[in-house]
Amino acid sequence: MKHMDPNFRKDTKTEFPQREELKPRKVTTPDGQVIDIEPLQDYFCQEPPKVHQKSYFKIVEDFYNWCRAESLWILAFGTGCGAIEMRPLMTPRFDAYRYGIQWRATPRQANLLMISGYLSVKTLKRAIRTYEQMQGPKYVVGLGSCTINGGMYWDSYNTIKKLEEYLPVDLYIAGCMPRPEALLAGFMELKKKIKAGNAEGANKYAEKFDWYKANQKAVIKDWDMPDYNW
Amino acid sequence: MFSFQPDRSQYPAPGPDGKLEIDLETGQYLKLWQGPNHPGMTGNMSVELTVCGDEVVEGKTHVGYLHRGFEKLMERRSFIQCFPIVCRICVPEPDFNEYCYAAAVENLAGIEVPEYANWMRTLILEMGRFNSYMMAIGGMSGALGLGVVGQWLTYVRDIMLDRFEELTGARIYHMFILPGGVRGHLPEGFKDRMEEVLKTAERYLADVDKVMFSNAVYKRRTKGVGYIDPKLFEPYGVTGPNARAGGVAKDVRKDAPYLVYDQLDFEVPTETASDIWARTNVRRRDIDVSIDLIRQILKKFPKGGEVMAEIPNVLHWKIPRGETYIKGESSRGEYGYYLVTDGSGYPRRVNVRGPSYTHAMALLELLIPGTNISDVAALMVSLHTYPPEIER
Amino acid sequence: MSFKDVLSPFTAWKHVLETPVTIKDPLTREAADRYRGFHKNDIELCIGCSSCEAICQNAAIDMVPVKDPKEGDSGLRPQIDYGRCCWCALCVDICMTGSLTMSNEYIWFDEDPDAFRFIPGVDAKSWDSSEKGYRREGGRRLSGTERVEMREMEPDLRIGNFDEIVAGYDRAEAVLEADRCVECGLCVATCPAHMDIPDYIKTIREGDYEHGLELLYNSNPFSEVCGRVCTHNCETACAARHEGDPIAIRWLKRHITDQVPYDRYVDIVGKPDLAKTGQKIAIIGAGPGGLTAAFDLARMGHAVTVYEEKEKPGGMMRYGIPEYRLPYESLDRDIGVIEAMGVKIKCGVRIGKDISMEKLKADNDAVVLAIGLHLGRSTRVPGSESPDVEKAVELLRRITAGEEVPVPKKVVVIGGGNVAMDIARSMARLQKQRHGEVGITVTALESFDHFLADEEEVVESREEGIEILDSRGPQEVITVKSGKNKGKVKGLRTWRVDSIFDEKGRFNPHYDEGDEMVHDGEMVIEAIGQVSDVSLLGEKLTEALEWNRGRVKIDHDGRTSEPWLWAAGDCVKGPDVINAVADGHRVAQSINQVLVAMREAKA
Amino acid sequence: MMQAIYDRLKDRFQLGALDVRSRKGLAFVDLRREFLRPVLTELRDVEGFTHLILLTAVDWIEDERFQLTYLLNNRQKNLDLGLRLRLDRNLAIGETIHDLWPTAATYQRELREMFGIAFPGSPRVDEEFILEGWTDMPPYRRDFDTLAYSQQTHADREGRETSDPREFMKQILYPKD
């Protein structure tokens, strides 16, 4: 960690006026209601998720887990460069479909969120929304250096460093970016983990929801989202 | 639910009939967001569409989902340290960044690159262009629901990636073009293996011609859609295949030959219709040019030689004050690096001029109104944009 | 659009019968030979220079201590964080030894994000034995491997005089050479005086010579001297040595002193507050050790007097090193700086004769013994007592002092060290001046594989027409038995050496008596080592001091068993300038501590 | 060729010296603010520099100046011309040229966000472009320290420590000297 430019000034005391969009304001909704909105507040995810209870019988739970493991449905949301190596997996050469892995267009149908590399703050916000829209049990896999410790954007003002502070990560795959074969190997490992009943990321998220939210809010200033749900 | 528009007075863009103001409260219009996850193959960006029925009356592009602040990061990395990060700006065709950055540094530092390295660079750029087009055409077919072409071309791209891997040591981010030269020689038997790839590609492309370009549905959906008036090319900074599809044979390889392009024999394909069909067709024909170029390059490739010029010790490499702009023709249009140095060991400012910057912002917003929702994805892919070039 | 267009997509069905392109078992697929996979490090080769850390733009590499480092390495090894790495392999490209490479393995997953950190080569990994993977092509290219050649006087021009041979770098050459330095700092530990080598090399690159000079004089008052004649141990530790030439650290040091005008020296070095402590120190011997201690102590504010037996100060630097290697004016300039610090140098004073040790002890708070090695050793072979058999140090002293020395046409030198080369080359110059031709034979005990003298000295001697024979053990100095020249030396008889040391490592040469040679010469010069002249100590002190193999015994700080007496330089350690300088610093530091303690005790 | 164009324009618009040091076919020239629009119009309509390649800024913080670079291309003659305009850093207001090249609006939006240079009149110039909810100073300014910001906002993974070989060897081998 040598070679830092000593000429760089560290003075960030200068106050900059808050942008207009971030100030609280009144808005008229399409049905004529006037409502106050506070952009810095997260309206969408106030309600904490619930811990998914295990089945009483181990054999039933094992069966469930086998089912979950053998149908890893990945959300087709490439958050960073790593997404490009998923394309070969979707096509005949590497053919992940034979392992029960396929890509879905909507979070409602997917149970695996791939964070394929760096997450800019703007995308992190969407990734969190997406994750919360997915149905449990759900899993997160972090791809490449960027999700582990910031990767090559370790000094960027706009990318996060430790993914596990914002989303519960079940598995990391090293590489920049990991090859399709490494991804497949990672999926196999995730399957093993699910079958053993160890992939408890979603439950962790529910249990430590406040902690995750606090971390998320420390980074994301503007929670005002485009209204996808209209 | 609510909607917020910062300033209504900035409307109206005229509606489909030229009169209506867009007033969301009438219930006649609907906001529809496309993205930010990949719509087709164009990377993470979103288009905020206002639709009336299935007709889009307004579109705004939103970018920044992939912003990492490259230009800032490079200001605090030494000249050699910038080399591994520049390629990350563009995933489908990373080599162009490597070349432009290296050439800009060499230009300001006054380094003459050996002949062998120039040939190698040209080879790599053409291989990258080939790959990029494969993604573009695969994406184009995917955007119109023609999945099989995407499957084929991803395979073709993948066997080209194998050649990349063998040559450079990596599949996606090759990091082979160092400031000063390239990192190595051609491996044994590379030419033969490359010829196999090209033959396979040609076989698949012949099928693509039949399945995609002669497809009645494809033709119906692309011909006449997304027309760009050639008069808009200059004001909107349209370059590359998008301009060539409108009859302007803009190509930096011909206009201002760099590397060894002046020693190669090729024609720049053009079309006149300037619609989605024409743009895709230009890319399709450019693949043939690329294949031909790769063959020519390998045929004329120097037997051996130095791969790198003498460069100073990179750990304390300082470049005198100056500024330069280096450009080249990427698969999407004119790609350029504007590099300013101040005599220190770090770049003062790097500005990456990606073709997507102009294509995906102002131009796309201009083209979207009046199209069908289902054509928006095709329109975006036909411009062949890649968001990280916009936001970097 | 035609009916054909509707049908043509159906041609895709022909692929139904093709073999699928699917890879059967993608999990075991091997990457390409050049693939940049996970890192490997040849731990034996690695020297821990941290160039990899310096070049890594991702701050992915930390240098962490490892157990049992080998000689000359930093004891650190790179630890790589795969939460940062981008597999650009710049670390492999810059690696100074070529130890860092990459395998073509690429599968690593873990649920613990802290697990992706390892020390290649130390933490066992499955890819350690992998033969394939990225290697840089050709040699190191990101930093220079070839030394900028030093311009020297041609042999036939230099042989007839004592002019300095080496020209010194000009600015462009020096910058080029300084540019090769990777600032690892391994040399600092190897330099006996621990000079700030990377820092002063940096000042050359930046053109800030005055700062460079300041750095030099902070750790070495004999920078001009060392810039010419230093034994440059630093260059043996240089990271650049492993795949190329080491940085010419000595010449770069000289370049700095060449660039700064002499009248700026004292200002840059900084003149101390004279004798503010009121404490006095006497130093016996104005050689590098004594004068360095004097320089330091004067700068600490003490009153220092140096006593020198000979006519001029400098010790072996003046009387041992020939002028063509070290011009006297360079030495005088360094001594001038030291004198400017307020050090008094009294020449021509012999302790024990002119002033007694007791008086010195009584008049001063501390005394430093820095008397060097000025007596030559004898081989004690038959005939060596002849008046035509000279000792090298004695002869060198006489040449410097301008005394008349006999210069016969044929001379034989016994010895293979730098002193042997010095006397041989000095005599060669005198022969050239007097007789017009060189006739010198050097017979060394050691073989060329284990030669004592510097490589460049041997090369230059040969260029000057000196014959050097290795593995020759002297047996007898042959004298004329009868006639007018009875008693005169006429040659040296030597046997071939089979081995120098016995199994226990003791000096016990073994000769091949069948291989006998007689080297003609009217003079034989012995250059096989020196001893101290400790007669000045007097009987009482000699008794009182503890001794170690004929040298005064000292502790780490240079203190003898007598609390008021310190010893430094060749007479206790050695034998070169830079070691003496380091000794001088150590002694000065120690004396200062004691004196400060004394002051505080009084106050 | 570049010289001829420069000679034609030099006196009319009080241009600075022509800087052709970099590569062939590329030149930079200093421009005074009041001549920006006339020069751009002249270059576009008369001299054939119809293509605006890029518009960007360089922060010369030590001079308290922003440099705006307008890079134009003449395809027929294969010439690139960069116009350099200096702005006061404390009063960073540029002149919008979106009516000359509509694509300039995007560049101006970026400059507004990343450098804090205002372009009054440029369409949507004050809307968020790349960043979302940014509350600090514009990040491309030289005095914005991205490393410090990143370390404060996004914590590093703990447990990493490095040693400098020189210091380390001193500690181990000769702590007393």
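Note that the chains are named A, B, C and D in the order they appear, and that numbering of residues resets to 1 at the start of each chain.
We adopt the following convention: contacts are C-beta pairs under 8 Å (C-beta built on N, C-alpha and C of every residue); 3 or more make two chains touch, one makes a residue touch a chain.
Quick caveat, the model's predicted, so the values are computed rather than measured.
J.: If you check the contacts of chain B and chain C, which chains show up for both?
T.: Touching chain B and chain C alike, sorted by label: A, D.
J.: Which chain has its C-alpha centroid at the greatest distance from the C-alpha centroid of chain B?
T.: C
J.: In whole angstrom, how far does the Cα centroid of chain A sit from the Cα centroid of chain C?
T.: About 58 Å separates the centre of chain A from that of chain C.
J.: Hey, how far is the Cα centre of chain B from the one of chain D, in Å?
T.: 23
J.: Using mean C-alpha positions as chain centres, tell me how far chain C is from chain D in Å, no decimals.
T.: One centre to the other, that is 50 Å.
J.: What is the distance in Å between the mean C-alpha positions of chain A and chain D?
T.: Those two chain centres are 34 Å apart.
J.: Counting only residues that touch at least two other chains, what does the list for chain C look like?
T.: Residue numbers touching two or more other chains: 21, 31, 50, 53-54, 57, 62, 81, 83, 86-87, 113.
J.: Using the touch rule from the top of the page, what residues of chain A touch 2 or more other chains?
T.: Correct list: 1-4, 8, 20-21, 92-93, 122, 148-150, 152, 154-159, 162, 176, 179, 224.
J.: Residues of chain D that contact two or more other chains, please.
T.: Answer for chain D, listing residues that touch two or more other chains: 128, 131-132, 139, 142, 144, 146-147, 157, 162, 164.
J.: What kind of graph do the touching chains make: line, ring, star, complete, other?
T.: Basically all the chains touch each other, so complete.
J.: For chain D, which residues count as touching chain B in their complex?
T.: These residues of chain D touch chain B: 21-23, 25-26, 28, 50-54, 56-59, 69, 71, 75, 78, 80, 82, 101-103, 105-107, 123-124, 127-132, 139-140, 142, 144, 146-147.
J.: Could you list, by residue number, the parts of chain A that touch chain B in their complex?
T.: The contact residues of chain A facing chain B are 3-5, 7-8, 20-21, 25, 27-30, 32-33, 35, 37, 75-81, 83-85, 87-88, 90-93, 118, 120, 122-123, 126, 152-153, 155-159, 176-177, 179, 224, 226-230.
J.: Using the touch rule from the top, collect the residues of chain C that touch chain D in their complex.
T.: Checking each residue of chain C against chain D gives 48-50, 53, 61-65, 74-76, 81, 83, 113-114, 117, 184-186, 188-189, 194, 198, 556, 582, 585-586.
J.: Which bits of chain C are touching chain A when the two form their complex?
T.: Against chain A, the touching part of chain C is residues 20-23, 26-27, 29, 31, 50, 53-54, 57-60, 62, 81-87, 106-111, 113, 116.
J.: Of all residues in chain A, which touch chain D in the complex?
T.: Going by the criterion above, the answer is residues 1-2, 4, 8-12, 14, 16, 18-22, 39-40, 121-122, 125, 148-150, 154-162, 165, 218-224.
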